[in-house]
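Two complexes are shown next, each including chain A; its partner changes from chain B in the first to chain C in the second.
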Partner chain A sequence: MYKQECYKIFTRKSLYFAFLLFVLFMVILPGGSTPIIQTDEYQTLYEEWRGPLSRTEIDLANQKLEELQNRIDQEMEQTEDLEVVFPPQSIEEQAAFRVYSSVASIGRYIDSFQQRKEDLQEATRGSTTTAYESEEARLELNMLNELGQPFGFYNTTAWGNTVDFINVFAFIILTILIVLGLSPVFADEHSQKSISLIRSTKHGKRKIVTTKILASCTYIVSLFVTLHIINVALEVRKFGALMDGTVPLQNLFLFIQSPFSLTIWQYYAIALGIQFFASLVIGLLVLFLSIVTRNGMLTFFISGAVIGTPFLFRQLGIDQPFIQYVTQFSYAELMRVKGLFDQFVAFPLFDQPVLYPVLLISTFLLVAILTMYLIYHQYKNQQIMN
Partner chain B sequence: MRLTIEKISKTFKDKQAVTTFSAELTEGVYALLGPNGAGKTTLMRMLADIMKPSSGRILLDDKDISLMGDHYRDILGYLPQEFGLYKNFNAIRFLSYFASLKGLDKEKAKTRVEEVLKLVNLQKDRKRKLRTYSGGMKRRLGIAQALLNDPKILIVDEPTAGLDPQERVRFRNLLSEIAGDRIVLLSTHIVTDIEYIAKEVLLMRQGELIQRSTIEKLLESVEEKVWKCSVEQGALSQLQKSYKVGNIQRAESGIEIRIVSDVKPMPNALSVSPTLEDVYLYFFEKEAEENV
Partner chain C sequence: MKIKMNRFNQTDETDIDELDDSFDEKEYEALEQELTHYLVKFPDENKIDATVDTLRQYVPDRTTKSVSIRERSFALIKRAKTEVTIVSKTYWIASTFLFFIGYLIANQTNTDPILTLIFLAPLPFIFGLSEVFKGREHGLFEMELACKFSAHEIILSRLFLIGIYNLTLNTVLTLVLSPVTGKPLIEMILTWFTPFTFFVAIGLWLSMKFKGQIFVTTLLSLWLVFIVIFVINNHWMVAFLNIHYILHLVFLTAGFLLVGLQLIQFTKKYQTFEGGTRVEINY
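So, the complex of A and B:
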């Protein structure tokens, strides 16, 4: 039964077609490191500066940057030719500019990190805050203290791209292909008029549901694994290798404000895990709709709307409090993962702050269990009218 | 084994499809006969456990089938009137799938699939994709599917629709062969299908069971009521208005018609021995008139 259920899903050509289209898109997508990073000049300087940064190093970088800036300004004044907006710089200058400005901005991150800790310290004392707010501040402060000082100078572009893939393309591609692939799982039995045959068999009311869920999971697993392997392969092809995965997550630009004490590697593993979990939860949603609507097309559009609307709200920047809740606790946010980890968010639960990711994942665990129950319940009590 | 249908009714929004239908079935072939829309399919769906009665119960050996669940469907074979096959499956894959749905273990399934393919004469086409099957072949595969688990209760809804005469005979023989120790309920419009094999005929009209009897008794009940006579072309339409007219046959000397009537329709009418078709006319023609 399992084999045939898989066969039904995996023999749909449109799925392969859509998948290949997406992969093609990924391949032709521009990316890769900027040319300057690949120069020996940059690499030498990078090796010199790479690693955690001390105060003096940052000051030095700022100083050098200023010198460089002045020199460029002077050259600009000297240039008669108005056609040239930027005077030609030597490779060395470009590389130096790049390194020093990176180090300088890391210095600013460190400053605001310190500032944040001080603000939180203030908030925990509770003179101007409510009891809950200071509770929340204490929680965040503890996390930041545990983090130590995470920033350093590392070239994490390759990792940045790999991780970013999860919240943009993987989110879109997986969602579309899951919805596309699973919408017909139950609905097609109606459109193909095989449902009365199935439901009059011994296992046609319970075990078939389990089998269809398993086959759907198989589809999701193969899709998920293939997609992420392809992505990693493409990134490695672009950058040569994934470097510096063992440095703190905060060294990725998207996660500068993250309070979580994780290395990039650990984050990547966790994010994949969560995205996989989200894929399964979305799969269950689609299966449920497929049972209720008895129509693949309708399932496709309703699932699309349920998942897409909160995402759209977010992209459009609609931020009424209620809408914000809807957005934060949506399938899309779970699937994108990034929003769970890129900053400190907590919600009050019985007057205690609970971290957003913990709450979101627990919520969707409940949603998954509920959906599973509804799937079995709904299918069992369905009647065949035509 | 005793299948008891206890006052079941089925109401769709505003339409009563089956009305307090009661019957008790034991081993043997039962034919369900009735005009279009009589409620045969609806009744069979409830017996196949894919539709719930609005009221009433169905009992197998005094156990409610809705409580038996899997155990009931385990001994059930059902061929719906309308069904679809997976177009990109071949017959083997299709039957293996249903074998596992019916809980046959792998080894058993393999031999059983070959057996039922042979029963419906589809061995030669067993590797062909189902999208290339003709209407009759599809129905035969449906029959094969229903027989997979060697069901104790077989419910077949117009199983012979679309079958050629040869396959129809084959199916009829198949049914009488296997009916000895199981309950078979079969609906049809083709009365010759049941002539030789039905233990009893259930006549159904507008959701109700109007008559239940053996074929002999049914034939007896229209004895002396079937007439054959020759008429002029002009008189035909008048006769059709006042009598249940069966076969109309053009002969050299005008038109020969068959009339089912309690009284002798015309002086020159000859009494002839009735067939099941006459029985059908006798019980259902009135309805046909009403519908016109």
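So, the complex of A and C:
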């Protein structure tokens, strides 16, 4: 039974065709580190400055940056030719400019981080805030205090790309291939008129559904693992190695405002876990629609609309309060993972602030259980019409 | 209850053994004997030839040996008129609705209207392909082959129909949006026409490779990923939007050549079609 169901999914050539094309897209996509980073001058300076930064170091970097700027300004006045002078010509100057400006911007992050803490301290004292708001502020402040001072000067482009893959390409490719692969699982038996034959075997409806779900999970697992292995391999090929995975998450550009005390490596593991869970939930949704609509194409469009519409709202920047709720609690947001961790969001639940990721994951656990129940229920009570 | 359970388990395990037990050799032979009575004998060669010869006189002569391309294409366009009713109404309405939504999105300030146009352009054609092969999907292909108009003619006229419809929609949207962008009309048309021809070529190719609704969904996913990559890679997008129009024309001719090549292959495939096996292969 299980073997046959797997066979039905895995022998579809169009899936391999689509997957290979997507991988091809991933390979030809430009990326990789900028040439300056690979020079020896940059590397030596980088080794010198790498690590957590103290106040004096940041001040020193700001000072050096200012000197560089002044020199460039002077040269610009002398030559009056913008093209020649900016960006600075010698590799040493380019490298130095890059390092100092990065350090200076990290200094700004630290300042805004401290500012945020002070604002929250104000809010917890609560002269102008409601009880709930001060509760929420206290929660965030506790999280930020736990963080300590996460910022430092690290070259995290490789990790940044690897993590970024989850919320852009893995999100889209996985969603499409899951919808593409699973929409005919139940529907094809209607369109190929084999349903009455399958139902009349001795196995019974419950077992058929179970094997179909298991086969779909196998498909999702193999898809997920292959895709992420290919991605890591591509990143390693581009950057040489994945360095500095043990530094705090806040050193990735996308997660500067994140309040979670995680290292990059831990975040990557958690994000993969959540995305895998999301893939399974989406798979269940597609299977359910496949039973209800009895038509592969209709399943494709409906599940595409269910997953895509909130994403479209977000991309178009429509943010009425209600639609914002819809986008925040959508399949797409769970699948992208990034939105769960990149800033502090909490929702009131019985007058207590509950963290958004916790709420979202538990909501979708419920949704998954409900869909599972509906799949069995619907399949049990469905009549066959030819 | 216990006995019942046991019996169930037994049948589960010894399914094939049980079949062997109930299989009786003698009974089978008797059945075979009985069936030979009903055997219809194949007629001998002479009889077949004689029948064919008698019937030959009733076959009409081929009147016009070769029809010029002009006449043929004219007949194709004429036939397309009758196909309008056969293509489902949902398709016409859905495509128009899609372009209406496209117009609304394009009018939002934060997106480039030309991008919306590029992305929307091949959609009606992709949807339309499923309408074109409706007969094939429903297992009516053999019937279509036996009709007065052969299958490839029907398919070609439907392709022509949805192609024209698609182009009309695109042109209308271009005309409506042209005041918003302030770009010359020719440039706008060229910008969406090039990717459009390439997608049409890919779509035709896929429709020959994969049977069923699979190819429509596959094509749609490809289109989706193409868009996303386009949007993410800002410099690709900028480069594409600012290509010189001569380069556009070169790409456009390449696209047209591809489409023409696919169409020729198409007619070849469905003209010299024998037996049901090749087209009926799934996926």
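Rule of thumb we're sticking to: the second predicted complex is superposed on the first by the 377 of 386 C-alpha atoms of A that agree within 3 Å, B and C clash if a C-alpha of one lies under 4 Å from a C-alpha of the other, contacts with A are read in each partner's own complex, and residues count from 1 in each chain.
Here is the rule we use: a contact is a pair of C-beta atoms (placed from the backbone, for glycine too) under 8 Å apart; a residue touches a chain by one contact, two chains touch by 3 or more.
Everything quoted here is computed from the prediction, not taken from an experiment.
Engineer: Quick one: is A:G317 in contact with chain B, with chain C, with both, or with neither? Answer first, second, both or neither.
Structural biologist: second
Engineer: Classify the contacts of A:I256 with the two partner chains as first (chain B alone), second (chain C alone), both, or neither.
Structural biologist: Touch partners of A:I256: none, neither chain B nor chain C.
Engineer: Which partner does A:Y7 reach: the first (chain B), the second (chain C), both, or neither?
Structural biologist: Only chain B; A:Y7 stays clear of chain C.
Engineer: Figure out whether A:G296 sits in contact with chain B (first) or chain C (second), or with both, or with neither.
Structural biologist: Only chain C is touched by A:G296; chain B is not.
Engineer: Looking at the overlay, what does A:S194 touch: chain B (first), chain C (second), both, or neither?
Structural biologist: Only chain B; A:S194 stays clear of chain C.
Engineer: One more residue to check, A:I172. First (chain B), second (chain C), both or neither?
Structural biologist: The second partner, chain C, only.
Engineer: Considering only touches as defined above, state whether A:F25 meets chain B (first), chain C (second), both or neither.
Structural biologist: Once the two structures are laid over each other on A, A:F25 reaches chain C alone.
Engineer: Between chain B (first) and chain C (second), which does A:L141 come into contact with in this model arrangement: first, second, both, or neither?
Structural biologist: After superposing on A, A:L141 lies clear of both chain B and chain C.
Engineer: In the superposed view, which residues of chain A touch chain B and also chain C?
Structural biologist: Touching chain B in the first complex and chain C in the second, residues 11, 202 of chain A appear in both lists.
Engineer: Over in the complex, which chain B residues touch chain A? Could you list them?
Structural biologist: Residues in contact with chain A: 12, 45, 48-52, 69-70, 73-74, 76, 78, 80, 82-89, 93, 96-98, 100-103, 142, 145, 149.
Engineer: Which residues of chain C touch chain A once you look at their complex with the stated criterion?
Structural biologist: 11-12, 105, 108, 110-111, 130, 209-210, 213-218, 220-222, 224-225, 228-229, 232-233, 283
Engineer: Hey, which residues of chain A end up touching chain C in the complex?
Structural biologist: Going through chain A, the ones touching chain C are 11-14, 17-18, 21-22, 25, 29-30, 168-169, 172-173, 176-177, 180, 183-184, 202, 296-297, 300, 316-317.
Engineer: What residues on chain A touch chain B, complex-wise?
Structural biologist: 1, 4, 7-8, 11, 192-194, 196-208, 383-386
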